[in-house]
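Got some structures for you, see below.
Here chain A shows up in two complexes: once beside chain B, once beside chain C.
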Partner chain A sequence: MRIIAMSLCLLVSGTFGAQASEGERVQIKGEIIDTWCYYSGVMGGPDAVTGSAHHTCALWCSAGGIPVGLLAEDGTVYMVLKIKGDANSAGGDTQLNLASHEITADGILYKRDGLNYLVVEKVVTDHGITNLNHEDYGPIPGFAIPDPTK
Partner chain B sequence: MRIARLICAALLCGGASGALAHGSETHAAPAIPEQSAAVTPLPWDIGGPFALVDHTGAARTEADPDGKMQLVFFGYANCPGICNAALPMMAEVTDLLAARDIAASPVLITIDPVLDTVASMGPALAEISDDFVGLTGTPEALGLAYKAFQISFTKIMDDPKHGPIYAHGSHIYLLDGAGKVLTLLPPVLSPDQAAGVIAKYAKPRGAS
Partner chain C sequence: MKRLIMILAALASPAMAQDFSDGSEAKTWNLYGESPARFEAKVVDILCEMTGDCAAECGGGTRQLGLLRRADDVLVFPNKNAQAAFSGAVVELAPFCGKEVEVDGLLITDPDLGAKHIYLVQKIRNLCDAEWTAANRWTKEWAKANPEAKGKGPWFRRDPRIKAQIAAHGYTGIGPEAEKPFIKEWFE
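After this line comes the complex of A and B, so read on.
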C-alpha cells in the first residue's frame, strides 16, 4: 500500500496574533469539503461531491494536498488555511477527521483576490456528517472505495 | 497499489480536464465568485531572500533575472500527487498570461535536493513546460527558502516506483520580479481564474 499524504505548507507564523486584527472574526456553520472536486465538477455536481457520498474521495484529496474548504449554509466557500493548531489546510489529522463534517467554526476571515480565506481558531461544534447523500448518490466516485480483494 | 491509483485518480481528475470524470460527462461546477475589491493583508509575514541553483546550474535568488513575476511552488519534479496537477496548471497560467502580454515564470523549488538535482530537474520539468525553472541547492540553502516561506513537509515513505513520497504544501505563491510575495493561489483555481488574479498584480509595461 502506498499512501501519498501531503499537507499544506502554510504555517501561520508567530506573528499571526499581532496581525489577526486585520482579518474579520466570524463564526460560520458549514461543511468541510473537498475544494478540488467541488470546483472542478469532474466528479459530479456540487450536490454529489459533498456529504457522505463524497466522503472517501474527500479523504483522498485532503491526504493528497488539496486544501479543504468550508461550505457555508448560504453557499459561500471559505478556503481553510488552518484549523485550530494544525498548521495545514489539508491532510492533517484535524482536516481528515473533519472531512465531510458539518461544523460551526470560529475564526478569522481574510478576503483576497475575490476569495475567502479562513483560519479556524476553534471548532465550536462538530455536528458530524449530517449530509447523508450517499443514500441518493452512492459513493462518488465509486472507484474511491478500495476493492478489498485487490 | 490500488490505493495509490485511487489517490492519483482523485488528484488527476482535477488537474486534467473534465474528460477524466466518471464516464465522459462533466457537471456544472459552482463558479468561484467574481473578484471583489476587498483585500485583507495576509495573516503572516512570508517570503524572503534565498540563494539557490537553477536547473541549468545558474545561481538564482528570489529575484527573477528578467524581472518577471514568478509563480513559486514547493514540491518535487516527479511528485505523483498534487504537483502532478499544480505544475501543469502553473504552466498553463504562464501561457495564458503571455497571451495577455504579461511575463511570468513558473518556478519549482524542490523539497528533495537528492531527488531533484541540476541534472535531473530540467528534463523532468521540460515534460511539463520549457518555461519551468527548477531550483535546488544545498540543504542549508534550501532551508533558508523553506524558513522564509514557512514550508513544512514530511517524508512519508519510499515508493518502489516513484521514490520518496512527501507530505508537503499545495499553495502557489505569486512573487514580483524582485521576489516579494504578492499573494497566494490555491491550486484549485482554474488556469483562467488564476491568470485573472495574477493579471491584477501585473504592472503595466513601462511602469517601474
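After this line comes the complex of A and C, so read on.
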C-alpha cells in the first residue's frame, strides 16, 4: 500500500507552475512597516501599528524575519523583496536600519495574486521617522518600552 | 455574450471561491480576517519566483519564502510562524525549499488593508510524509545563532542588533534623549 501511495505522490509531483513576471519601474514614497502587525490587526488598527508608536515592535518583527512592506501615502502596501542590493528580506540589516522610516524608493514593482512586490533599487531619500504618533497611541504593544521604575 | 460570461465566470471561480478549511486543525489566533487553511504547495523563493533573481537553497533562510498553492497556482505569502514571538516563517520553511509540502495554518484576508493570501503557518510536512513539523523552531534557531545573548527574558529583549538600535535611536526612534520626557510621563 505504501508503494502505491508513494507512486501516486511521484505522479502528482512536479506539476506546480513557476513564472517570473514583468516588472514596472516606480518611485514610491512611504513608510517601512512590519506587515504582519499591519495586516493581521493583532496589535490594533492600522494607524496604531505604524510610526514612532510601533517603532520597537517594528524592530522586533524585522529582526524576527517578518517581511517588511512599504506603506505608501495612498494606503497601498508593497512587500519589499530586496532593498539597495540586499536580498536578505528575512531579518537583514538594511531593512532593520530603515524600520519605521519614511523613504522615497525607486525600484521595480511586480504584482501577483493581489499582492504588490517591490525590489527597491535605490533609496532616493531617507526622510527618517516622520510619523510621530507615540504621543497619540503610546507604545504599541504596551510592553514595548520597559517600565524604567521597575 | 451570455455564454462567454459564463465561461469566464467558470474559469475564475476556482481561485475566487475555493475554501481551504477542509481538514484543517489550525488553532485560532482570534484575528480579524483569519480563516483556517490546509493546502498543498511548493515552497519557493519569492524574489526568484517574481523576478528570476535566484539563490542557492532559496537563500538559505535569508529570503522571504512563498507557498505556490497546487489547487490554483496562487502564491501565498507566509508572514508568520506559529510562535507568539515576533517571528517570521522563513526559518520554518527553509528546510523545505523547492519541495512539495502540505501546510496548515491561518489565511489572513482584509480587503480594506490589501491583505490577501497572507498566511500564518502552524505546521508543515513533505507531501508524501505522514509526520508534521510544528512551525515553532524560530526561537531555538535564534538562540543557536546568538549564544552571547543567553539570559533571562524573551529573545527580543536580548537581541544584540535590536539593543543597538534602541541604544542609538530610542524605543520610539526619535532618539534616547528626545523621548525621555515622553517615557517619564507615560510611566507616571
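Going forward, the second predicted complex is superposed on the first by the 123 of 150 C-alpha atoms of A that agree within 3 Å, B and C clash if a C-alpha of one lies under 4 Å from a C-alpha of the other, contacts with A are read in each partner's own complex, and residues count from 1 in each chain.
One rule holds in what follows: a residue touches a chain if its C-beta (ideal position, glycine included) is under 8 Å from a C-beta of that chain, and two chains touch if they have at least 3 such contacts.
Because the structure is a prediction, the values reported are computed rather than measured.
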Does chain B (first) or chain C (second) touch A:H55, or do both, or does neither? second
Partner chain(s) touched by A:I32 [first = chain B, second = chain C, both, neither]: neither
According to the stated criteria, A:G44 is in contact with first (chain B), second (chain C), both, or neither; which is it? first
Just checking: does A:D93 make contact with chain B only, chain C only, both, or neither of them? Give me first, second, both or neither. second
Going by the contact rule set out at the top, does A:L115 touch chain B (first), chain C (second), both, or neither? both
Applying the document's definition of touch, where does A:G138 land relative to chain B and chain C: first, second, both, or neither? second
Which of the two partners, first being chain B and second being chain C, lies in contact with A:G65: first, second, both, or neither? both
Hey, what residues of chain A end up touching chain B and chain C alike? 5-6, 9, 12-13, 15-16, 19-20, 23, 35-36, 38-42, 46, 57, 60-61, 63-67, 75-77, 79, 81, 87, 89-91, 108, 110, 112-115, 117, 119, 144, 146-147
Residues of chain A that touch chain C when the two form their complex: 5-6, 9, 12-13, 15-21, 23, 35-36, 38-42, 46, 52-53, 55-57, 59-61, 63-67, 75-77, 79, 81-82, 87-93, 96-97, 99-101, 108, 110, 112-117, 119, 129, 132, 134-135, 138-139, 144-149
Residue positions on chain A within touch of chain B in the complex are 1-13, 15-16, 19-20, 22-24, 35-46, 48, 57, 60-61, 63-67, 75-77, 79, 81, 87, 89-91, 108-115, 117, 119, 140-144, 146-147, 150
Show me the residue ranges of chain B that touch chain A in the complex, using the header's touch definition. 1-4, 6-11, 13-14, 16-18, 20-22, 26-30, 32-36, 38-46, 74, 80-82, 149-154, 156-157, 159, 165-171, 183-190, 197, 200
In the complex, chain C touches chain A at residues 29, 31-34, 41-42, 44, 46-53, 55, 59, 61-65, 68, 70, 73-75, 77, 79-80, 85-91, 100, 108, 110, 113-118, 120, 127-128, 138, 156-157, 159, 161-162, 165-166, 169, 171-174, 179, 182-184, 186-187
